[in-house]
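There are two complexes below, and they share chain A, which is joined by chain B in the first and by chain C in the second.
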Partner chain A sequence: MKQRTPVIIAAVSGVLLLVAFFFQPFTSPYLGLVLNWAIILASVAFLVAIASLVVTHIRFIINGRKGFLFSLVFILAFVLTVVFGLYLGIDDQQYLEAIHTVLVPIQSALMGLIALVLMSAAVKLFRTRGWSILTVSFGGSALVFLFLNLGFLRLDFSEGLNDVIAMVQRLPVIGARGLLIGAGLGALLMALRVLFGQEAHNE
Partner chain B sequence: MSDNPDLRICPNCGQENSLYTLRCIRCGEEMEELFQLEGFDPSEQLSNDSPQEDQAPLSEVLASLDDSPLLAEPVENHVDENGGDHAGDDQSSVVEKELPDWLERVRQRAQEEEDASGELSKLGHTSKERRQVDEAFDDILRRIREQNEREKTRKPRTTEQGMVDEKGDPEWLRRIRELHPKNEEDPRETTLKGLPLEDDDAWTKEELQELLRREMGISEHADQAAEDEKFEEIETIDSAEPSIDLPFQENFHNIADDDQDEPQEEEPAEPEEEANAEEPESFPDNDPETENAIDEPEEPDGGLQDQEGAVEQPDEETAEEAESEITPPVDKVLPDLLLLRNQRERAQVLREVIAQEGQRTITLLHEPARQGKIGRFVLALMLILAVLGGILFGGEAGIANQPIPAPALAFEENLRSITSTHPVLLVLDYHAATRGDIEPLVQEILAILDSNRVTTRIVTANPENLWLGETPDEFIPGDMLGYLSAAVSSDPAWGQLPLAQGFSGDAKIYHEVDQAILISDSSEFVRAWLEQVSPWQSGIQTSVVTTSVSEPMLLPYFESGQLRGIIAGASQFRALGTTQQGSINQYAWQAGTLLMMIVLILGMIMKVDEDRQRRTEERSQ
Partner chain C sequence: MPPISLTDLIAAAIVGLAIVIMAIVWLSSRKPPVEPYEPIEAYSSIEALMHRSSEEGKALLLSLGEGLSGQQSAMGDSVSLAIEQIVLSRSVSNDQPTQSFSGDGALACISQLVVHGAYQNAMATELFRSDHSLMGGVGAFAWMSVIMPELARSENGGLILAGTMRPEHVLIADLAERLELPIIAATGSLTAQAAFFASGTPVTLGEEYYLPSIGKAGQMTYQRSAKTLNWLRIILALALISAVILKLTGVLP
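And now, the complex of A and B:
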């Protein structure tokens, strides 16, 4: 019974929201109220997650665990952000600029590292995976679509070739449609399993 | 002497030896102290030239020898060893029969004369008698020594008698077979196996007779040439016995070294005896012809010896070389320590394992990690140089007249058509990392809307966008749930909803809005908006500003009409008009994309080259 309680609550909530969606506008105030509760619960859960993160890093610092200096930096940055945000307010221009000067370089560097890792993976792909249908099709399609999207290929003299190129450029859309349809079907099946309490058997 | 009573220290080199060792295992020095008799010093006896001084100790020694148990002991021991098969009387009679004449005469005169020693001393003034006395004394000493040796070698044999396996093989023979496993298939060994092994473990009648004859032969061989033929037969049998001691047996123990060295201690034997002693080592098998050849004095050309291989080469040098290969250093082997070959090999393996302690013996699995780091460093340098080159040296020619995609054209057309007085909702949801791809477009969009005098309302559910925006935005708590709640709910009859109190502005963000522009680098956010929020606000037309990465996933929504237009990344900035910042970003993007293509092709080429090298190696093998 202890394991079935969350499943029952999830199923009942899903059914009520589904019914509320179907009986608009009579149920719209109740639907908004339930969504507000969900947002509040999610916010509280987010605060709990932040508190857990802070306590964990404080414990690392107290125990002198390897790499505790990173925990020290994290705690220091967190305290400064919270203190100055509460004291100056999130509308303060100096506060926003200070956050901006830290945030943008860090995320840009992270993006550059991702590009570097992708390049390294491109070099090692065929050496590690060998020649297979997957690797060959991936490498070929990547080269073709990167080249087409660069815009260097100009075929203004032939309408037919332009149509062919346009058709090739639409191939990613076909793949995207397949992915979206698959994701939609998966979400639908998952929702039905939750509504009928079938997820409890897998836990 | 050593502190250990079981060990004796060599007076020459100081090596500790077994108590019964005749020669030092290190230097080969003879351990004469073992054979010293109480009250008798042979060196002093031999070095003294005065005949008067010789008489008194000689008579005492001869008198004591008659009563000495050492001379009587072998007969009793043989009886014990042979059990009841041989009577003690028979043995004693045989011994008496084989006694030399001079000893018999000495005994007779000692019994008849009251002062036998005195008479002998008188008679001993002549040199001939003196020589006879010396020879008799030497013979007695030799007999005592040999009896001690026999007794010493007999003790371990008797102890090993009980260690016989079910096949009847004693333990020493099993050890020898284990030391020489290859020789077990030697046909010569089958011949030796045919001999009664019990003869090796017990003293037989023939051995006793052989012992006595050898003793007599040493002292009387010069006078008894008639008995040489018998000696040859006995020596042949006796010399065949050591052939059971397979080659290199002496290398694995330190007990039988004395036995091996014993022939060298003895006086030089007759050439015939030497030939008989060496022949058994050279006959290889039980071939009748070969057995007949044993009686021959020499082996012609050593043809049979060649069949034996290098194991039984009669040459002393080759034997010493082979011995040096197998025999460990003597000073490293403890006395009385018997090591089998496999035991020595295991000890050697253990020694090597200990020596390799702390040393790397196998290559690390992640050894190429250093090379990978260097490769990534090179790739990073290439990427940085390419982007910098695109930014610094790129020009208008590189991107001139590129075709504008249809979604971007639709977005531009929809944007310029907004002229209503209703506000346009701008929803921000992007990160700092993609701001270079999005913000130039947002600036252009705001400029166009401002030129059309369209009011805008900028909202965000991502706190990061509060810090990225130059002007404070309205924050929507709850991410997508906040947008959904604002789209679904209506004002209840009992008052405001809890989140309505958290809005800084009007909680009705969709109020009188007919155009919404989603500015996001996440296709998931746009998809959730279109699938969850838009159905509740069907009057709002949505268009998207996103990155090149997210564009393919949003194109289906554009083709289905759910999106009015999509403009993706800096590559499509020309749809909104040229700006300097947008051009710079496009140069860098093109350079990075070109470099990515080159690296991908490089990976293929490396794989092809690797396969070619592997095929070449396989062919060469």
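And now, the complex of A and C:
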């Protein structure tokens, strides 16, 4: 019973919130209140997680764990960001520029790297996954839609063929919607299992 | 008071339908099925990886996705917590502890509770340390940058990526492949699924992600959930086809 009580409280709260969500015209003031609680809780959780992260990295440095230099860089960057953020204020233009000067080039470099990795993965697709209906349709459709969406194929002489191409270009959206409906159903079922305590019951 | 919108009513009807089907399946499936639903490949790979790392005396790395709150409003990371609970419950007594990384404060706190609960259930709370579950960083890149150096450690036996992912995280799969470290991705994000599929990593496809079957494929709970999902899919597909026909014939405006 001791273990079931939190599950029951969580399930009842979840069901009430679900019902309140669907009847928002009548329940929006209460939903706003609960949302505020969630924001406060998430913020506190964030502070706790940051404290835990900093303490762990300090412990790594003290113990001389392999790769502790990364921890040192992390602590240094964290302290500098917090100190300057508190001193200058988080809206300070120079502070924001300094952060963007570090973040933007790193993120751009990573994006470039990701493009290369994805390209190499596409080339290696058939070697790693083998030849199957799934891999052939995956690779084939990726190529076809890449070619079509780059706009290389233009049939200005025929209005009808252009309409056909436009229709084919919409196919990935249709496929994605189908997948999203499936994922939505899966998420719904998972949520209901959690709400009714079935996941906790399995533990 | 404004009236309840049609979209909300349809959504409420779908939730109601799901509850009714769940109840019917629950009541009608008392005996084990003659032809049970097969386990999901990616989740079977996680089970195999757990056994392998346990035998080799190596640690498992678990990445829990970008988070429950803030930037992500999806419930995908609830599944990653369920996966963490299953993995932890079976790897508590391993030589090396399983290490979890989260991309969000709330997720990291809940993850700590899950890890602590697993040690408590195994009556081994003295083995629990708070650094078994850490917040990697906030945001896709920060979180990824914490996982990548961990892959190079020789004491790690494999990486399980579970939760809300992005296609950018394929960099982790690429590094793991080069380090010959087994990696499995379980994510509900469609773009990430496509990226991981191209990289050759075992990955959950479509709604498979929402049925974590690690070590549960033979259990009635899993079989019932799979059956409910199947029925929901059939009913929704029929409803969509009917709606298309009605629209084409001009019955629906």
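We adopt the following convention: the second predicted complex is superposed on the first by the 189 of 203 C-alpha atoms of A that agree within 3 Å, B and C clash if a C-alpha of one lies under 4 Å from a C-alpha of the other, contacts with A are read in each partner's own complex, and residues count from 1 in each chain.
Keep in mind that, in the parts below, a residue touches a chain if its C-beta (ideal position, glycine included) is under 8 Å from a C-beta of that chain, and two chains touch if they have at least 3 such contacts.
None of the values given here were measured: they were computed from a predicted structure.
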For this session: Report for A:Ser52: first if it touches chain B alone, second if chain C alone, otherwise both or neither.
Result: second
For this session: Kindly classify A:Leu189 by the partners it touches after superposition: chain B alone (first), chain C alone (second), both, or neither?
Result: second
For this session: Once the structures are superposed on A, label A:Pro25 by its partner contacts, choosing first (chain B), second (chain C), both or neither.
Result: both
For this session: Once the structures are superposed on A, label A:Ala176 by its partner contacts, choosing first (chain B), second (chain C), both or neither.
Result: both
For this session: Would you sort A:Ala42 into first (chain B), second (chain C), both or neither based on which partner it touches?
Result: both
For this session: Using the touch definition from the top, say if A:Ile62 reaches chain B (first), chain C (second), both or neither.
Result: neither
Exercise. Between chain B (first) and chain C (second), which, if any, makes contact with A:Phe126: first, second, both or neither?
Worked result: first
Exercise. Does the superposition put A:Asn149 against chain B (first), chain C (second), both, or neither?
Worked result: first
For this session: Examine A:Leu110 and indicate which partner it touches, taking first as chain B and second as chain C; both and neither are also allowed.
Result: both
For this session: Pick out the shared contact residues on chain A: the ones touching chain B in one complex and chain C in the other.
Result: 25, 38, 42-43, 106-107, 110-111, 118, 120, 122, 124-125, 176, 179-180
Problem set entry | Contact set on chain C toward chain A in their complex | 1-4, 8-9, 11-12, 14-15, 18-19, 22, 68-70, 74-76, 78-79, 82, 85, 89, 102, 104-106, 108-110, 112, 121, 130-131, 134-135, 138, 141, 149, 152-153, 167-168, 170-171, 174, 188, 190, 194-195, 197-200, 206-211, 216, 219, 221, 225, 228-229, 232-233, 236, 240
Problem set entry | Touching residues on chain A, where the partner in the complex is chain C | 18, 22-26, 38, 41-43, 45-50, 52-53, 55-56, 59, 66-67, 70, 106-107, 110-111, 113-114, 117-118, 120-122, 124-125, 128-129, 138, 176, 179-183, 185-194, 196, 198-199, 201-203
Problem set entry | Interface residues, chain B side, partner chain A - complex | 372, 375-376, 379-380, 383, 399, 401-403, 431-436, 464, 466-468, 472, 477-478, 481-482, 484-485, 488-493, 497-499, 527, 548, 552-556, 559, 571, 590, 592-597, 599-604, 606-607, 610-611
For this session: Show which residues of chain A lie in contact with chain B when the two form their complex.
Result: 25, 28-29, 31-33, 35-40, 42-43, 90-91, 96, 99-100, 103-104, 106-108, 110-112, 115-116, 118-120, 122-127, 130-131, 139, 142-143, 146-147, 149-151, 154, 172-173, 175-177, 179-180
